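I have placed the structure first, in the form of structure tokens, so that the comments after it can refer back to it.
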Amino acid sequence: MTHATLRHLLSLADLSASELDRLLQRAQSLRERALGAPLPEAPLAGKTVVNLFFEPSTRTRSSFELAAKRLGATVLNFDMANSSTRKGETLADTLYTLEAMGADVFVVRHGTDGVVAQLASICAPRSRLVNAGDGRSHHPTQGLLDMLTIRQHKGQDFSTLSVALIGDIRHSRVARSDLRALRLLNTGEIRIAAPESLLPESSVQEGCRLCTSADEAVEGADVVMTLRLQRERMEEGLVTSLEAYFRDWGITPERLALAKPDAIVMHPGPMNRGVEIADAVADGPQSVIREQVSNGVAVRMAVLEALA
Amino acid sequence: MTHATLRHLLSLADLSASELDRLLQRAQSLRERALGAPLPEAPLAGKTVVNLFFEPSTRTRSSFELAAKRLGATVLNFDMANSSTRKGETLADTLYTLEAMGADVFVVRHGTDGVVAQLASICAPRSRLVNAGDGRSHHPTQGLLDMLTIRQHKGQDFSTLSVALIGDIRHSRVARSDLRALRLLNTGEIRIAAPESLLPESSVQEGCRLCTSADEAVEGADVVMTLRLQRERMEEGLVTSLEAYFRDWGITPERLALAKPDAIVMHPGPMNRGVEIADAVADGPQSVIREQVSNGVAVRMAVLEALA
Amino acid sequence: MTHATLRHLLSLADLSASELDRLLQRAQSLRERALGAPLPEAPLAGKTVVNLFFEPSTRTRSSFELAAKRLGATVLNFDMANSSTRKGETLADTLYTLEAMGADVFVVRHGTDGVVAQLASICAPRSRLVNAGDGRSHHPTQGLLDMLTIRQHKGQDFSTLSVALIGDIRHSRVARSDLRALRLLNTGEIRIAAPESLLPESSVQEGCRLCTSADEAVEGADVVMTLRLQRERMEEGLVTSLEAYFRDWGITPERLALAKPDAIVMHPGPMNRGVEIADAVADGPQSVIREQVSNGVAVRMAVLEALA
């Protein structure tokens, strides 16, 4: 059940609808076992997976680490954000060095758009790269885990669904990967809503219904996805106050009551409670936020297995 | 040989005398194998142990890591003290996220009293927590390893022993856990001695003989436990000089000569040589300081095994 | 195929020519398997290898970590450069503590000359130490991997070879270890070339031909080894400008054309491209820089296996 055709996972634009579907099916079939003991069949036995993170991350790095270990791989972690180890070496030379030590799969996060794709263009033929987030562009495994979560609650046919994305879409690689995946899965209606300063470029808005308020976006929706608001947006003057942001764009119980009664609420984490989401929603019965995290391990196992 | 009744280990106050005894017995039986190869029976195979340290630690974190690996667990380390990874996420959400990834046991150190117990009160039913040190309150595995070390030298009956604790008891979670364990084991006489500025609150002194000098505490003792003096105590004005502290409260060969000839000397590490302990004592024949470290791995194996 | 006589590897001066040869032979025989799955025979199963790095390192630490894991060892990493964990504990006590936890092999890097040998002089009889670089003195595994790389290209008889070392020899432990190994292997001619401010003490120059220019050193050479120039050398006034350094001492295609047509180019990494080496040379057909990295894993496996 491996994808002979998939070499790297840099963006969900790399995947056809049927490849996306196959990955989600495989992740679903791994789902139960993803949180337990390493798989006895150890599909990545003898493979070395390197987590190369140039931005701090607990969540995504651990998720990949657990996914790789449960597949039987050897894992090396490089926390380049908290380290002084690079000593002026180019990123390409860091990659070449790790390749020369026998690394097979590189899970890379970098703050700059396009860096992961650039590394993929120069890596050795046998190397495999997974984009664990670059700049504002791509976070494909987050897109996959979000789709898996929606499927588990709403079924495989997305054509009748209304999905609302609310918040700082402009700076979000999660939003861009989710939008790509939602289009690929032929989602009925994709709604986006954000303060004007946090709206993305028009190409990202393509095929979406732009809502002028959070209430409009949530009304009658099947899925409400909210995004992290980085506190830096305040300092940059893109948001006037966290209180005003919460009032206008935060997902509160009152606002959520506008959605379908069985709507689910999603957040990629880490959450700023009381900013983009109310406690009562984050911890409420419609929240699937922890399921997203669990699905993340299964999706990353499916991706690593498909590449290795 | 697992303790069905033990869910978390937050404090030695959680343990009955018989539970404490059972853990020490199990640690003793693991003692020889604790420093070698992973146990072939791998009692924690398939379990994921997360070391979640919000204060820097080499010693305790490594000890838990080795204990978990020798039991066959998968181990994830989070060095939250040296990292910028949390991004404003609440501690509870960090816990929930790791739970959602399938973590089974959390080994938590935090600078604030009560934080570990608070996490235990909100964690999932299947999660297990071990307090690896919180604030000044608890360090239960240190208490256990110290008791194991005393037992190995002085036997199981503590009712005839004089145990002296000397030094910065006020700021020490080690001292609080040791005092709890010594009382639970019905120790004959517990003596405490410290400069007045470093004496603990009266509840901690309960059942102890308060000595006005180190000499008085050491005289005729079977066990001399000294504690680390953090250099911050100088800046805080609690200690006038390290030289004076060493003269008045440090364990020197001359002072140790006042104890029973077969008295043992203990220190939880890391040591400030020449401050709370003289080199000749730390490295002398009565020192069991390195045995404490070795016992730490065995005790942590017993605890992890009992919880998992 | 273990060396019963080798206790530590602190310096290549510890090795006889025949011991050096045996290690290189063993590394060569491990070479193919060094970059793949852990060895099924797991020669270090049940052993604990501790990477104790007091200077930042990605490359050497990972290489040792992979070598140890491929031999089946349990590995603990201590990044003491990026950590605040030591709390005033002496280096000796850190060692004793890790020994008391059952560590078997210590891989140590430290910025100060002689520290690793000092630790070796006080460690427990069962402990094994590998010097992963100390001060400017020794980096024995780098010396071994460089010799293995030369052998693979030039055969086992070094007596007919001209080997040129160019660059900051004065501050380089790599150069000192390479020079020791080259002498031990009876190299035909060893040439050294550097700006006067970067020449080493005379004992290091012994048996070498001191060249007054890079061109003179390269001319007709079989092996051209260039060394990293740390940017600190500028601030220290030892180098006037990086441009001038590159012009006078950098390995450019023009300069390399003076060497034998089949000369190989080596660099210990991490490279400062455009300072000590031109891109076209680093990535050109004569460069064996990535092979050095691959050989590093094999050499470290051979060393760990011989010691453990």
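Letters A, B and C mark the chains in the order given here, with residues in each chain numbered from 1 onward.
The working rule: contacts are C-beta pairs under 8 Å (C-beta built on N, C-alpha and C of every residue); 3 or more make two chains touch, one makes a residue touch a chain.
Every value quoted in this text rests on a predicted model; they were computed, and no experiment measured them.
Comparing the residue numbers each copy contributes, chain A and chain B share less than half of them at their mutual interface. A rotation of 120° superposes the C-alpha trace of chain B on that of chain C, rounded to the nearest 5. In this assembly, the C-alpha centroid of chain A lies 40 Å from the C-alpha centroid of chain B. Listed for chain B are residues 82, each touching two or more other chains. Chain A contributes residues 34-38, 56-59, 62-63, 65-66, 69-70, 79, 81-82, 231, 269-273, 290-294, 296-297 to its touches with chain B in the complex. Interface residues of chain A, counted against chain C in their complex, comprise 45-48, 74, 76, 78, 82-90, 93-94, 96-102.
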